[in-house]
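Report on the following structure.
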Amino acid sequence: MSRTLLLIVVILIILPAFISDFWLNQILTRSIILGIAALSLTFLTTYLGVVSFAQITLAGVAGYTIAYFSPNTTGLGIELPWLFAVALALLFSTLAGAFVGAIAKKSVGIYSIMITLAISMAFFYFTRQNYSIFNGWTGFSGITAPVAFGVSLEDSLVFYYATLLSATAAGYLVVKFTSSPLGLAVQGVKDAARRVRAIGIPTTPVIIAAYAFSGFIAGMSGVLNVWQQERISSFSVGLGPTIDLLIIAVIGGMRHPLGAFIGAITYVLIDTFVIDLFSRDRFNMIIGLVLLFIVMAAPQGILGSFLSAQKRIRKYDNNAIKRKIKNDCEI
Amino acid sequence: MPLTDGSASNQRVALNLKGVTRRFGSFVAVDNLNMTIKTGERRAILGSNGAGKTTLFNLITGDFPLSEGSIEIEGVESSTLPTHKRIQAGLRRTYQHALLFDSLSVRDTLLLAVVGIHNKWPLFYPLKKNSKYHEKAEALAKVAGLSSKMDVLVGALSHGQKRQLEIGIALSGDPKIVLFDEPAAGLSPAERPVLTELLLSLPKKLSVILIEHDMDIALETSNIVSVMHNGKHLLEGEPEEVVHSDIVREIYVGKRQ
Amino acid sequence: MKLFFIVFLNGLTLASLYFITACGFTLIFGLMRTVNMAHGVLLLLGAYIGYEVVEMTGFWVLGIIAGGLSCALVGAFLQAFILGRYQGDELRQTLITIAISIILADFLLWAWGGLTYQISLPEMLQGGIRLPLLNVGYSVVRLTLIGMAIVVGVLLWLLIAKTKLGIIIRAGVDDREMLQALGFEIKKIFIIVFAMGAALAGMAGVIFGSALSISPGTDIQFLLSSLVVVIVGGMGSVGGAALGALLIGLAEQYGLAYAPTYGVVFTFLIMVTVLAFRPQGILGRAEQ
């Protein structure tokens, strides 16, 4: 799989040379940003065993932080050097993740869905009501991506590479985290929380750490999203984007970090092209039917189905080989 | 019947249970139980199903909170401590129905057990290969007889191997008291002598409480036997003496026929 | 002081609506462990159907019945042909209900547009009456609403405490396998209960559309309120739904009246406090 991953990254590095600006901005960059957010969700689902509806909220916390501390046309906020703003954004989204974890720490499965959904909607309504920090339902606009280390992130090619780098970093962090003792403990909590305590590890900090980590990853996506969209408002943290993220995770499958990105690009392609075959007004109906179909027919998502098909083929091969050896021996 | 004091009285006390009681609604699962485990003691607890043996273990480890009473581990009042604190104080246990991390490998499980009791949290970054933790995990695997299974997922282990892993986890770090909850359940006749040998080879200073329905293993590996019935600690004494007492015949041996 | 009491009455009105809606939600959850995320959209469907029927016939009560019945049919269909196939796989069921709510909400938008509808009330419920003691006018329909919530609560209590179906539901909440082992046609019971829960949503929709108004977005508002109400009150308990609805309804109205920019914070704080001290909800039973 790691060779496949390397190949994908190489393709993604050279791809901009062959595609139009529209594809670069609206398809690739957007997919990768959504993919990072979806990764923060699939991480929690795969390793902690909870479905969190609060990931868009966490991304939103980072996004609002960037907006507040960057030049914008709203007249609200304080301008900070971009590196500080990014550091603060990631810090706040991580802390917000820890906070969500502290609230939802005893909930798994459907309970975690209900509680995280309630949290995310509370945040949504709060951003609409509050004008002193969130500027109500209009939010912030006119935010520009900074000039970083001498290059402007407003340039779409530079921004694409920055996004790709962030996604690679996010994937790397997830892989490293899940093989660290803390990451192992997170998986332990999913399998048998009682046993985790019975080997001397308190479960509450482990759960909170997992949510905080997912908040960090979601925050990366939130920062990039604000730079790309140049605005953020309560609609960015509403139920729509929250459900979309879930759809992306379900489409891609939750078994492997890569699934998040496969789900994201599939979703963006449907959003951009398939919709035109029907009617743009009926986007929700199409995406709802896609979700329904995948949940009913291929619950492991596209990548999951692909992987298990591969496994089946390999198993079949192994059985064939075993049979052959057996036959040879009998002769 | 008075409780007999089975061994020399000036030995150190590893675990002291005083008036331990647990109620589930109106049902009393463990009833005003007193028990003193001396350092190095090997105690088997006998009793029919539903006698409250596993509940007692759950109370000692803190899986369930006490309704009344006190639990002292190594002289420290521990009945209000969370489970992980008691484990860090030197308590270990195995579960009757293997309670393990099915999606982790044997190596990762043992690493977690080794790291967990070291109280070195949080560790965000993967452990270096060949770290002292890896060595300790390998050593545990050897004791548990799982050296060749290190990279197998726990979910793919056989029933017997899962029980071995339970024991491996229970011996991680520097255990002082280990609670074995029916370690022989579901083992084949060939696997049982291996288990007996393992129990007999445990360090001398280790205190052990063993719940076991296999009388041969229980009697061979213990030097003190307690009998529980309906949540009460009925009697304790030398293995021979207890097994031939009338009460045990009535509630336990009779059932075996 | 006058404001305080008016807000109290407003809170009670809102709580009544939340209660009727959340009852259906918690009934379905209690027996089947299905988080019906399509509950809000069923409410909206019931409201639209009720609107059409009232416009056509002029009978308000007919509208309520039609709204409830149509939702019961849709709910029964969902449980019988889609959700029932995945009984036991709660996460999958939840995802399916999310998909259904997206599809159905889009269908409603297509059929009824983004307009705001108000269902006309019968004459006797229109206008207001002057309340004794407080000497303020208060709309009759809102007072009726509080009465309706009490009637629904009492009827549900009678159903659960006194009828055979109620005994089965209570037994099923404790132990679903047992029901099956005793030879009850669990599939049929699930369909009936799902239809009942959906019918409550539909009726609540018509009532809400009469007392206030309905438009796309109402579905989300009520799905969320149902979620919060059952999280606070205790999942699967009708009494919990009543208590939760009361707390949330009052908190929302007092928040709106006294701290308009932070109103939602009160609701949130109630939820977080309850989760911190009683994760199963105030009247909920702990999951084993």
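As written, the chain order gives the labels A, B and C, with residue 1 at the start of each chain.
Methods note: contacts are C-beta pairs under 8 Å (C-beta built on N, C-alpha and C of every residue); 3 or more make two chains touch, one makes a residue touch a chain.
Quick caveat, the model's predicted, so the values are computed rather than measured.
Taken pairwise by the contact criterion, the protein chains link up end to end in a single open path, with no chain closing the loop.
Comparing the centres of all chains, each the average of its CA atoms, the largest separation from subunit A belongs to B. Put simply, the chain closest to the centre of the protein, by Cα centroids, is A.
Subunit A and subunit C, compared by their mean Cα positions, are separated by 32 Å.
A separation of 43 Å divides the Cα centre of subunit A from that of subunit B. Separating the centre of subunit B from that of subunit C, both taken as means of CA atoms, is a distance of 50 Å. Shown for subunit B are the residues in touch with two or more other chains, of which there are none.
Those residues of subunit A in touch with two or more other chains do not exist in this structure.
Of all residues in subunit C, only 33, 35, 82, 90-92, 94-96, 98-103, 105-107, 109-110, 220, 224, 227-228, 230-231, 235, 260-265, 267-268, 271-272, 275-276, 279 touch subunit A in the complex they form.
Across the complex, subunit B meets subunit A through its residues 61-63, 82-84, 87-88, 93, 95, 99-104, 108-109, 111-113, 115-117, 119, 121-127, 169, 172-173.
Of all residues in subunit A, those touching subunit B in their complex are 176-177, 179-182, 184-185, 187-188, 190-192, 194-202, 205, 209. Per the touch definition, subunit A reaches subunit C in the complex via residues 51, 103-104, 106-107, 109-111, 113-115, 117-119, 121-122, 125-126, 129-131, 239, 243, 246, 250, 281-282, 284-285, 287-289, 291-292, 295-296, 299.
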